[in-house]
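Shown below is the structure under consideration.
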Amino acid sequence: MHPDHLKKLMEDVAAGRLKPDDAVAQLATLPFEDLGFARIDHHRFVRRGFPEAVYGEGKTSAEIARILDTFQDRNVPALVTRLDAPKAGSLKKRFKALVYHRRARLAYLGDPPDDLIGSVVVVSGGTSDAPVAEEAFLTARYLGASAELFQDVGVAGLHRVAAALPSLRKARAVIAVAGMEGALPSVVAGLTGAMVIGVPTSVGFGVQDRGKTPLFAMLSSCVPGLVVVNVDAGFSAGYAAAVINRLKEPA
Amino acid sequence: MHPDHLKKLMEDVAAGRLKPDDAVAQLATLPFEDLGFARIDHHRFVRRGFPEAVYGEGKTSAEIARILDTFQDRNVPALVTRLDAPKAGSLKKRFKALVYHRRARLAYLGDPPDDLIGSVVVVSGGTSDAPVAEEAFLTARYLGASAELFQDVGVAGLHRVAAALPSLRKARAVIAVAGMEGALPSVVAGLTGAMVIGVPTSVGFGVQDRGKTPLFAMLSSCVPGLVVVNVDAGFSAGYAAAVINRLKEPA
Amino acid sequence: MHPDHLKKLMEDVAAGRLKPDDAVAQLATLPFEDLGFARIDHHRFVRRGFPEAVYGEGKTSAEIARILDTFQDRNVPALVTRLDAPKAGSLKKRFKALVYHRRARLAYLGDPPDDLIGSVVVVSGGTSDAPVAEEAFLTARYLGASAELFQDVGVAGLHRVAAALPSLRKARAVIAVAGMEGALPSVVAGLTGAMVIGVPTSVGFGVQDRGKTPLFAMLSSCVPGLVVVNVDAGFSAGYAAAVINRLKEPA
Amino acid sequence: MHPDHLKKLMEDVAAGRLKPDDAVAQLATLPFEDLGFARIDHHRFVRRGFPEAVYGEGKTSAEIARILDTFQDRNVPALVTRLDAPKAGSLKKRFKALVYHRRARLAYLGDPPDDLIGSVVVVSGGTSDAPVAEEAFLTARYLGASAELFQDVGVAGLHRVAAALPSLRKARAVIAVAGMEGALPSVVAGLTGAMVIGVPTSVGFGVQDRGKTPLFAMLSSCVPGLVVVNVDAGFSAGYAAAVINRLKEPA
Amino acid sequence: MHPDHLKKLMEDVAAGRLKPDDAVAQLATLPFEDLGFARIDHHRFVRRGFPEAVYGEGKTSAEIARILDTFQDRNVPALVTRLDAPKAGSLKKRFKALVYHRRARLAYLGDPPDDLIGSVVVVSGGTSDAPVAEEAFLTARYLGASAELFQDVGVAGLHRVAAALPSLRKARAVIAVAGMEGALPSVVAGLTGAMVIGVPTSVGFGVQDRGKTPLFAMLSSCVPGLVVVNVDAGFSAGYAAAVINRLKEPA
Amino acid sequence: MHPDHLKKLMEDVAAGRLKPDDAVAQLATLPFEDLGFARIDHHRFVRRGFPEAVYGEGKTSAEIARILDTFQDRNVPALVTRLDAPKAGSLKKRFKALVYHRRARLAYLGDPPDDLIGSVVVVSGGTSDAPVAEEAFLTARYLGASAELFQDVGVAGLHRVAAALPSLRKARAVIAVAGMEGALPSVVAGLTGAMVIGVPTSVGFGVQDRGKTPLFAMLSSCVPGLVVVNVDAGFSAGYAAAVINRLKEPA
Amino acid sequence: MHPDHLKKLMEDVAAGRLKPDDAVAQLATLPFEDLGFARIDHHRFVRRGFPEAVYGEGKTSAEIARILDTFQDRNVPALVTRLDAPKAGSLKKRFKALVYHRRARLAYLGDPPDDLIGSVVVVSGGTSDAPVAEEAFLTARYLGASAELFQDVGVAGLHRVAAALPSLRKARAVIAVAGMEGALPSVVAGLTGAMVIGVPTSVGFGVQDRGKTPLFAMLSSCVPGLVVVNVDAGFSAGYAAAVINRLKEPA
Amino acid sequence: MHPDHLKKLMEDVAAGRLKPDDAVAQLATLPFEDLGFARIDHHRFVRRGFPEAVYGEGKTSAEIARILDTFQDRNVPALVTRLDAPKAGSLKKRFKALVYHRRARLAYLGDPPDDLIGSVVVVSGGTSDAPVAEEAFLTARYLGASAELFQDVGVAGLHRVAAALPSLRKARAVIAVAGMEGALPSVVAGLTGAMVIGVPTSVGFGVQDRGKTPLFAMLSSCVPGLVVVNVDAGFSAGYAAAVINRLKEPA
């Protein structure tokens, strides 16, 4: 509930247009609509100018379709994450405008953002990290960030960081995606003054433990300026980078 | 090695002031001095205008003193983290100007930052989370951020978020510190458009598992815009917030 | 063995209708039939007026059929949990009256409870938690509770709690189902004076760890009045809620 | 904010006693004061007629004293949990009326509940489980439940269940406390029709894993009607039992 | 190498039938043939009158066939464990006498033991534990033990222990198989004076953790006389029970 | 309740010496007294001719003294396990006859067993494993087994197994105690036809994980005839060995 | 960048053939090309005379083909690890010279090493460990080591070590591959003066935990001279052995 | 038993100097004395020219003294690892020649090795890793390796690797010691052609998990040529490096 709306309610009561009892009845649902929690759902993305996001895993394509309908009705663009190809296929039959990125398992419905600002750089350790890296990269872009993607920049190709260095050095936020031992974000955090968001991936075997080892390594890193998201959480990283990227001049 | 230095070296060779062999000898150590890794040590903090940071745990006060000497010689301010009171006591005998924050186990040596800019807000779940929250808050401030600290804003006092809301809403970066089930960062991330850095603490018992449960909960959160640092890692959070806080207007 | 049965046995001995040796022979099996453990099996559900419950996983449909036969012979209604669709299909060929809920993987054979009393409210965090939430809801209902189900009440829709609030506030037991970081039960426990049974689900990825993270988060919650069952244990939650729901006025 | 308070506010506006703008200003903090979360803090215990509860661990006795002052000013009784003996000693100097239970590490300040109703039965597995069992028992009593405590009812003394059986059979809620392999709650849940709240304790060694083994065993139990709280969480169990115990006749 | 063989070797040398050098050459391989390790392989089963055992998992049916050939040549009976049905099918084509137990995934090739002695009793918690229980039961029998199998004796049917009690009370070794919370072995160990071998199974879900919970519960049990084998290790339990079962009168 | 007792009860009823109602009253507590569970407590040790056992950890010496009084009154010998030296000291003041083994943390009160029969062999891996090995050894002896103890037979001294071999080969039960990687029980199981009870100890560091690594290694051993008890559980192993050791000739 | 290349650059500048500015431009990428990190990629294998290695998992055969093209162009031999049969099939269509080892999931493209030197011995515990053992063996050979492979040398066949002993005793590096409890490397490390590289495999079940148990056991081993690689990491072990094997006489 | 000894035995029998029965008696202990296991104990260190090693933790200084006596009698030098200062103090009273390194918790008794050969380089990540790094360094030296130690070469000082590079490049074995995220060994393995032995330390907090995170990171590293030892296992690393370091020219 917008403060103006609240003030209007008060004025209606003051003006006798609304009885106190009716105002109470209206306000009964207000604390939840008006608290941040609820706003997350209705207003957060819109307020931020960000598209809505739908977690595609564990939902049927029919369920996703119904959700997309709602957004389309409200003319709100939407991202669908963790969407597998068969579901994407059936959704595309209904939503012709839906764009689907198979590797990133990401779909987008709506007008793309008008102009991309700032600079988000995504680097990834190896070819196998590509799905997560691309999910992060595309998310950042769909959320309005001018973004670059440097893949396969792991221990098996760190020299390629050289090519990325000019970008890294002027980046407002860096996303470093790595499986195996997850050392890339530490290395990158040492090379740039920007905030680095580490994204561990489940690439590896044995004690790599489906991503827990790089996750814990990133969290235990002795290089400051590094924060971390969940294993394979490309969307979360892209979202966070987009939030940082939009910051204005500090007061 | 500064690019100018490198160019100078080339010019010396071109001018015959330096023999190719001697230049090769000089360059032998260069890749390491000139790569980001090394710069972390020598130049990163300085380049950023941030003080140096010393991890105090597992170092004797004599070792820390020797490190602080180096920084003092170079006129570089320094933070010492995870410094217990006895070590701080013996350091203060030698470094009169050292400021020690007992609860945060944080010491600072040097001139404080000239002016504090932007807005970093630290909220913590409970009284027991205070040491970590204060470490984050003080770190952000010593790194030049205008910061506010709202303590005891957990499930046992969420209404106090109300007081923090105006600050949260205009914050450039938010740090949310919580032990137990670690739900606070999710709640706060829903209330603000800013980046939220979750800091799990080891406060709790049983399956709280010395902080792993709130850490994993924060990483598994379904609210986007939330990134995470290690358990009890107040310094890391403060550092990351300070980096974000300083961002200029995006291009 | 019913106390009356035991007394009858004694009277038969006293009356000379039964020889002490024969009574001993009968009683040889009694300690086990008569102790709570055994009664669980034979009498517990019946005594409570609850249907029998069969754990369907790891049993063939032939085995389940044989068990259902026994119950049908004794005219005892029965629930089959964790029953997949193919097994349900072959059981329905034999037991025409069997009702199968595919999403909840729950089957029921017998007359439904006569009247539903009290009030059990089930809330779930997201669409993907639906199977567990429906299993809890249907279990509570088949065990005689008047129940309501509010789905998709997670961080992505907490405002819908508003609609559920009147129900939550008058509920005798609340079941809160959540995956991801599992914060919903803590939130709900803060909103209601009723006992809240938290059900973590395996919805999520990475360190969500197939439900351990929300489980541990619920157990570590600082909100009192919250108890917990196993990951995805909708039946256990529904059963416990039904037990609570039936309580009479305290002495 | 009590609904009456809210209505009063409206009436004040309607009567011209309060300007719309001032009402808006008052309501600005309301969503948080008026939502369940906040009510937890201010009103939950009072609304329920329960005393306030303070988590004593990680708080200094000075901090606890300040909190108790607040409650005393509002004439609200209070429990302090996980309070060690030295802190209790210094608190008693200030609060003469404070009652301290050393084994349960529990303190109480205020008038005891007027009359104890219903029936909560606490059984514990062994002598070493006594601190947790007593914390659960005392909590239930201070929250108004008529409670009984049967200790040392583990595998080394299950026959003592016999003595407890009449109590167990008429209990409205049972709390079963056990370390080691944690089988007691399963056994007790088979013996009673009441809801059983299992409390794992950290008593044991090796793979007992400071309570995780009995916790997981209780959660994995095949006996329905059993719910669980955190390791050593006697207060949580006592609180939940008190909530259940007070239920009225269902509609 | 049998002690008699060794003595024979010495006598051959003493008698000049064998040159010292040749004896040394023969003995070169002896330390390994003659130490227990090696005897495990060649002689252990034979010495004990036990059939050989082949771990079927991860071996092709061709590999297993070659191993069985060796045993058949030496006229030694053999067990194949963890043998899936397709491999068993192709082995049966070649070894007509092979007996395959599909549920226990166990095959036997050779003459069955002449007479079964002593008494091994296998009890299992539920229908889903049947494969493990049957593997234990059949192993004990093929290794010469007179064995009985009581299935489905869990918390959902403990009264059936009554039927098993006379057998349990005269058993020389008891095998108790249980998934879920794994309480059955503790209960059975309390009912019998015999050694109880607990076999945890992977039956259950959530924190049952593919058998770790019942394993840890059995290891943490406060009832003495209970030892444990690996999760789902029916063969190990059957083997150990057979070893115990054959013990003669103590000196 | 002894079967004779039960028959006597019936006869009393049959003879009119006991009214049916009174018999029912007596029998009301019977299921629990007469079921194995209860017998564990009252009769198990006595029936077996074993002393009672008291778990000393987490009990005050006063509590232990009260328990020992009970046993002394009934003229039943008793073992106290995990008893630290200070508690043992104060117990010795009251029970002059108490024998205390400091290293094994084991006390014994009562007449020692009349004659030791059979053969239990305890081998341990290293000097640091001594407390656990001695607890196992002494337990077996106090429970009537003729026992031998071979210490420091690990990888740093396996040749000493040679000295133990004759004993191992005629042992009825072997206890193998090992920390570190826990390979000793596997090796010993290969050298003997007897049942081997592996006891992992918490000796080691890093991933030895306070005993979990040798525990899991023993459970994963590919040598059959090996069963396992909890980490550092010398008493459990000694008890189990004593049970096996007493077995008579099989039928 | 080869030192000669660097010197050439300097000479070009000194000779006026290259302008300082252009040299700076070339050197801009140099710190990364010239630091070890980068050299790993471009030069490490070549410098060592080792073929390049490509991690095949998570790469499409098209991606692998493009990488192999690069190597073929530079006339550098290459290993592809963890390559499944379908991908190998499609690669063979394009690279006729590709040799594929199905069991080891290893492919090799290029001329085999000219002569094999030194001595690497690979021993494995069981038939199921063959894929890992062969991967280690083939890797060592393709990297120029004269290697031998002794399979199935576990507890179920340690006497076969006898045959391997002469090889083990003269080996420069030994690779010991084992699943289950992972005791083989400890045993082998006791039998040889050479460095032993333990390779745990995921062969086993229950608490074997997909290789963590043998891994931890090897790391906890009390036998010195034993180092360890990741679970199933045959390539890593073969590579390390090849590095050791090539060592020259020490100065 | 030396082959010559064995041949002598045969000749004695052949010559009638030894009766076959007596030879058998002597040989009864032989398999164990003659197998590698036993040789580990008696001969391994001597055969290698390495001093004996005693694990000091969990042994009393009296026990250690008795062991050192044995070595001194045999004129064999000895290392004592994990020896705390008080024990070292009391040992020094008895063994005047004992050299004690307090930080490394390492003692040495005997003549130091005559000449140090080859080249072992130890690098450590930070000051807090010093105890482990020094234990590795001293062990390598006492075992005859010419060794160098470069401390504090972590992310907070990687440029110091530059100074170490010439040493690293000509090292025969490198030991890389690191806590926190454990990235140093991966970095070092990329910089050198030598075998790198990674030693994780328990330095760090939170998910660093007392060394498991750097251990798992090192094991998951994508840089080949890296092997690993247990957490804080400086002795194991030094020993392994010394074994590698002594290798002669390959055949």
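A, B, C, D, E, F, G and H are the chain letters, set down in written order, and residue numbers restart from 1 in every chain.
Going forward, a residue touches a chain if its C-beta (ideal position, glycine included) is under 8 Å from a C-beta of that chain, and two chains touch if they have at least 3 such contacts.
Predicted model only: the values in this text are computed from it and were never measured.
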| item | value |
| --- | --- |
| Count of contact steps on the shortest path from chain B to chain E | 2 |
| Required minimum of steps from chain C to chain G, each step between chains that touch | 2 |
| Interface numbering overlap (same over half, different under half) for chain F and chain G | same |
| From chain G, the most remote chain by mean C-alpha position | D |
| Size of the rotation, in steps of 5 degrees, that lays the CA trace of chain B over chain F | 180 |
| Centroid-based (C-alpha) most distant chain relative to chain A | F |
| Contact-pair overlap exceeding half with F-G, pair selected from A-D, A-H or D-F | A-H |
| Inter-chain centre distance, chain C versus chain F - centres from mean C-alpha coordinates, in Å | 40 |
| Intercentroid distance (Cα basis), chain C paired with chain B, Å | 50 |
| For chain C, residues contacting two or more additional chains | 31-32, 35, 37, 40, 55, 126, 155-156, 187, 190, 206-208, 212, 215, 219-220, 222-223, 230-231, 233 |
| Chains grouped in pairs wherever the two touch, ordered by label | A-B, A-C, A-D, A-G, A-H, B-C, B-D, B-G, B-H, C-D, C-E, C-F, D-E, D-F, E-F, E-G, E-H, F-G, F-H, G-H |
| Chain G residues within the chain A interface of the complex | 28-29, 31-33, 37-38, 40-42, 55, 57-59, 63, 200, 202, 210-212, 215, 230-233 |
| Sites on chain A touched by chain B in the complex | 35-37, 39-40, 44, 47-48, 53, 55, 117-119, 172, 187, 190-195, 197, 215, 219-220, 222-231, 233, 235-237, 239-240, 243-251 |
| Sites on chain A touched by chain D in the complex | 3, 6-7, 10-11, 13-14, 16, 19-21, 23-24, 27, 30-32, 34-35 |
| Interfacial residue positions of chain G with respect to chain F in the complex | 125-126, 154-156, 180-183, 186-187, 190, 204, 206-209, 212-223 |
| For the chain F and chain H complex, residues of the former touching the latter | 126-128, 155-159, 161-163, 165, 187, 203, 205-208 |
